[in-house]
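The following pair of complexes shares a single chain, chain A, combined with chain B in the former and chain C in the latter.
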Partner chain A sequence: MMKTRTALFFLTPAVMIMVALLVMPVGYLVRFSFFVGQQGAQTAGGFTLANYAKLLGDSFYLGILGRTLYLSLITTTLSVLTGYPLAHFMWKTSKRWRGMLTILVLSPLLVSIVVSSYGWIVILGNRGVINNALIGLGLIDTPVKLMFTNIAIVVGLVHIVMPFMVLSILAALERIDPLLAEAATTLGANRLRTLWHVILPLALPGIGAGTTIVFSLAMSAYVTPAVLGGSGPNFITTLIYHQFVTLFNWPFGATVAALLLSVSVGIVFFYVRVLSRVGALGVQAR
Partner chain B sequence: MTRAFHVYIGFLIVFIMAPILIVAVVSFSGGKVPEFPPKSFSFQWYDYALNYSLFTRSAVNSAWLALISTVIAAPIAVAAALAIVRKRFPGRDAIQTFLLAPLIVPSIVIGLSILLGFATVGIRDIFFRLIGAHVLITFPYLVRTVIASLSRVDVTVEEAARTLGANNWRTFWHVTLPLIRPGIIAGMLFSFIVSFDNVSVSLFLTSARTNTLPLAILSYVEFNFDPSIAAISTMLILFSLGAAVILERVVGLRKVLGV
Partner chain C sequence: MTTVELKKVAKRYGQTAAIDGVSLAIAKGEFVTLLGPSGCGKTTTLRVVAGLVESDAGSVSLGNIDVTNIPTHKRNIGMVFQSHALFPHMTVEENVSFGLRMRGVAADQRSTNINRALELVRLPGFNARYPHQLSGGQQQRVALARALVIQPSVLLLDEPFGALDRKLRDTMQVELRELTRRIGITSIFVTHDQEEALILSDRIAVMNMGCIEQLGTPAEVFERPQTKFVADFMGVANFVPASVLGSRGPLTALDADGIAVESTDAIQAATGATIEVALRAEHITIGEGDAGTSSNSVAGSVASAVYHGNASTYEVMVPGRSGQRRLVVREANRGATGVRFATGAKVALSWPSGAVRLLSR
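Moving on, here comes the complex of A and B:
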């Protein structure tokens, strides 16, 4: 066992970089959100709530926020529908295949997001793989517009966030006592009933954890909506970029960023506090 | 398991692999635009990409940034992990959560905070603030892998070393460190990739002159659509998948990712 003094000495550099690089900078960001905002105002001062009033009172910005939540929700739902079967398959498959499947399922996380976004452009473009195939088969005459639509954003988002859903659910499945499913079968339940009444309820903590991670990741994704969603602010993150880089309205950009931060921290807090109380939590928020 | 289930799994695997595989195929095309399947075969886009100074310069920047950030973050993470695993103290869980907090904060918010924070205290050097940001985003992964490998070390081995007369430092250097070295190296490898591939944190911190490779690719794609991006991407894919295999062998990818 380590001496208390040694432990403190070992933790100090870590806590110092967290304070210097996270706590203080985020504090400055929040402070900036209360500065008087105007176009071209990189340095600003004063104190006002006008930025928040503008963000939450203007239908243009509310539209972007609503679209962000809507697309993130669809992405999360699709991640459950794709992630659960994959996790179940990985759970049941032999040890030898599991390692390879893990690398395969996790590859969207390991390959740079600019790479996969470029891949989706090649697939979804007007002269891309899908449109060429459909035209080649004679199913359509003119290309279907897929790029720069909600569909493209959701496809790109599901692709990068789904691995987290798979891993969260797999972690929950691996904690299930194999005897439980066997007992259900012995007592006469068929496979579907065992899945519905025994396995799924026990997988719920994993689905809950996955939903939390996936929703916050989808909401704060930048590259996918920027590349696949087209130009102009169409997502909360691209709105932030637009305010900072195009309009140079730093205080207002900081306000949008502060909102994004509070929503994603709020989701994690809600998950840890509320879901753990109703017992849907076996997985810690790691 | 039924056939329909297997077909669905097959479809999902195609969905996961499609953009990656198609990029790799397109990179060998001989045409001016990415076509799938390519009508002709050539290495011209590799040649172009490897000789285009925008890409090579930003790749060197990214490599230095990833290396320096990892080398700074790793020893700090090892020290913190040692204290967290080897010492029971009140608030230990809170400290651990605090050190993993950069994973909860959206990366675009981290980038902006660093921009505003560093500007407020008067630090305007681009490389300096990039390193600050990348130390912060790689740190939690390092803490997590080192904690994972430390927890697997048998404490009795360390006790044996002390009984035989080794002091704390010698015990760490000759017993604990060799045992956790694979974990540290795996963590550093993953940290290198996290930094090298990052877009949303660096987004606000670079300039036209000092750029990272992913951001150079992103701005190139805005105006050009030739397969040179596919060529670079394929090289990045090979690097990442090679690293993935090593990580899976050494510590297990899931430990590193924490889910």
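Moving on, here comes the complex of A and C:
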């Protein structure tokens, strides 16, 4: 009894911060989304479902939601495909290499996202590193458009989410008994089959955690699509910003934000259910 | 017919030699144990046979085929690890099935073989369990079934019972002995436990500092150790430096630091040479009174007496030429009297000439 009370005592600050900074704003947000939407009006009050009807009935807005989902999925897939080999290498390599690579992997987090996004402009721009190199080599005559495309957004996002993917997978790999790989080879499995039948299934909890985190981060990313995606709303987060700040239509902005939140939560919830069904959350791994 | 043959195998890690010229030939169906303290190279030797460690020099052949440059997964070996190394995400059946699947055995043939292997290790019907649902002993049996089901040309066991408690260990040793003899599989077993080696093996290779010090049957290694290291590892407690006096009929006479000793061992060293006399604690008889003047006896006083239950161990100080010398004596307890001699008691020690081993230093 005493223990429960002590625990409650220590939990209180954390719970209060969560309520103040998360539950209350989200509550307000949902309430705003039912106000009458009006350009330049901020919050006009009243109650209407018109915002939702407008959002779900307009292919322009649904197109942006679809594009956001699509680019987030591409980002997640690419970060698994590039992050796994790196995590595997870090797992196998010497302590020294691993230390240096860890710093390298964490480097996107050490620089402001704004700065690293502008860094990508230097690389991807019409007179950027890539285009200058290609023109200099005589491979192309006019610059290839890289900036303000889906490619630019995905490249920027993969760069930023990489640490979360690599470190999640590495944590799972480190829990694998290295003797398991040896046991597999004594039973006749070559490296590839050992990887496929033994290592990957056991790394699945890390891949599951990594993809969940990365997908959530990509869906809610703002700076990268804003800087690398060009002007105008092209991503769901930039649409929200546009509604709130440019058009002053707070109720409609709140509606888009509520939709983003429910779609993200819905997808992550469904994904976690599937992962635990196949035992990829470490239920059977140990 | 030789199944496993190592020729002058060597492996260095930096400046230290893990194994330094190990040669060993193992006959088909033979059970050979590599015995030694940690760091003696026994596990490295086993891993070289498995191909998990690449040797720097020498060759390994399995079934008369040189496999020195053949990778582990093509060697057709079965290996059992101390930590079991069962795949945690697979059921017992999937674990045992793994080696068969890698060999492309058809599904219906697989299930027959799996069930036979599980019966062999006395775990029939455990197919659908996961490793974490099994006890340590059961896990080790599954690991054994997984290694045996592929019908390997050699079974390699790396301290497989090291993680099991004493009682389970004893049971598993008897079972493994019976099982390997019954199916006639060639086995190499690694352990640091001399008792385990004696129980299981057809032959024991005692290893020290990367070399095989002595290779022989359990009785040979235990009763006729050739070096002080082997004798010490086999539990001999008393070593006394001695100089050879010469032959007396069938016996060899020695002066062991002032104690007159006779041994049935034939002498290899010249008269006057200094060698080592080894004497097991349990071969010394302890009694009351004076020692007399004959060979193989000495008087002393008890320095410590420890009761073990089925035996008592005494440390007896005896006068030697170079000062007091400590001899360890172990006596089986027959009565219900505890230790027979208290600390400080004057006792006489004697031993038969057949128990005295002469070791070149």
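The rule is short, and it goes like this: the second predicted complex is superposed on the first by the 269 of 286 C-alpha atoms of A that agree within 3 Å, B and C clash if a C-alpha of one lies under 4 Å from a C-alpha of the other, contacts with A are read in each partner's own complex, and residues count from 1 in each chain.
Methods note: a residue touches a chain if its C-beta (ideal position, glycine included) is under 8 Å from a C-beta of that chain, and two chains touch if they have at least 3 such contacts.
As the structure is a prediction and not an experimental result, all values here were calculated from the model.
Of the two partner chains, chain C is the only one that A:Gly188 touches; chain B does not reach it. Within the superposed three-chain arrangement, the count of touched residues of chain A is higher for B, of the candidates chain B and chain C.
In the superposition on chain A, contact of A:Thr82 is made with chain B only, not with chain C.
Of the two partner chains placed by the overlay, neither chain B nor chain C lies in contact with A:Ile135. Of the two partner chains placed by the overlay, neither chain B nor chain C lies in contact with A:Leu69.
Judged by the touch definition given at the top, the superposed model places A:Leu247 against neither chain B nor chain C.
In the superposition on chain A, contact is made by A:Met24 with chain B only, not with chain C.
Across the superposed pair, chain B and chain C both touch chain A at residues 286. Against chain A, in their complex, chain B makes its touches with residues 1, 5, 8-9, 12-13, 15-20, 22-23, 26, 33-36, 73, 76-77, 79-80, 82-84, 86-89, 95, 98-102, 104-110, 112-114, 116-118, 120, 132-133, 135-136, 139, 143, 168, 193, 196-197, 199-200, 203-204, 214, 217-218, 221, 225, 229-230, 233, 236-237, 240-241, 243-245, 248, 253-254, 257-259.
Across the complex, chain A meets chain C through its residues 177, 179-180, 182-190, 193, 197-198, 201-202, 279, 284-286.
In the complex of the two chains, the chain A residues touching chain B come out as 1-2, 4, 6-8, 10-11, 13-15, 17-18, 20-22, 24-29, 32, 82, 85-86, 89, 92, 99, 102-123, 127-129, 132, 159, 162, 164, 167-168, 170-171, 209-210, 213, 216, 219-223, 226-227, 237, 240-241, 244-245, 250, 253-254, 257, 260-261, 264-265, 268, 286. Listing the residues of chain C that touch chain A in their complex gives 50-52, 71-79, 81, 83, 85-89, 98-99, 102-103, 130, 132, 146-147, 150, 156.
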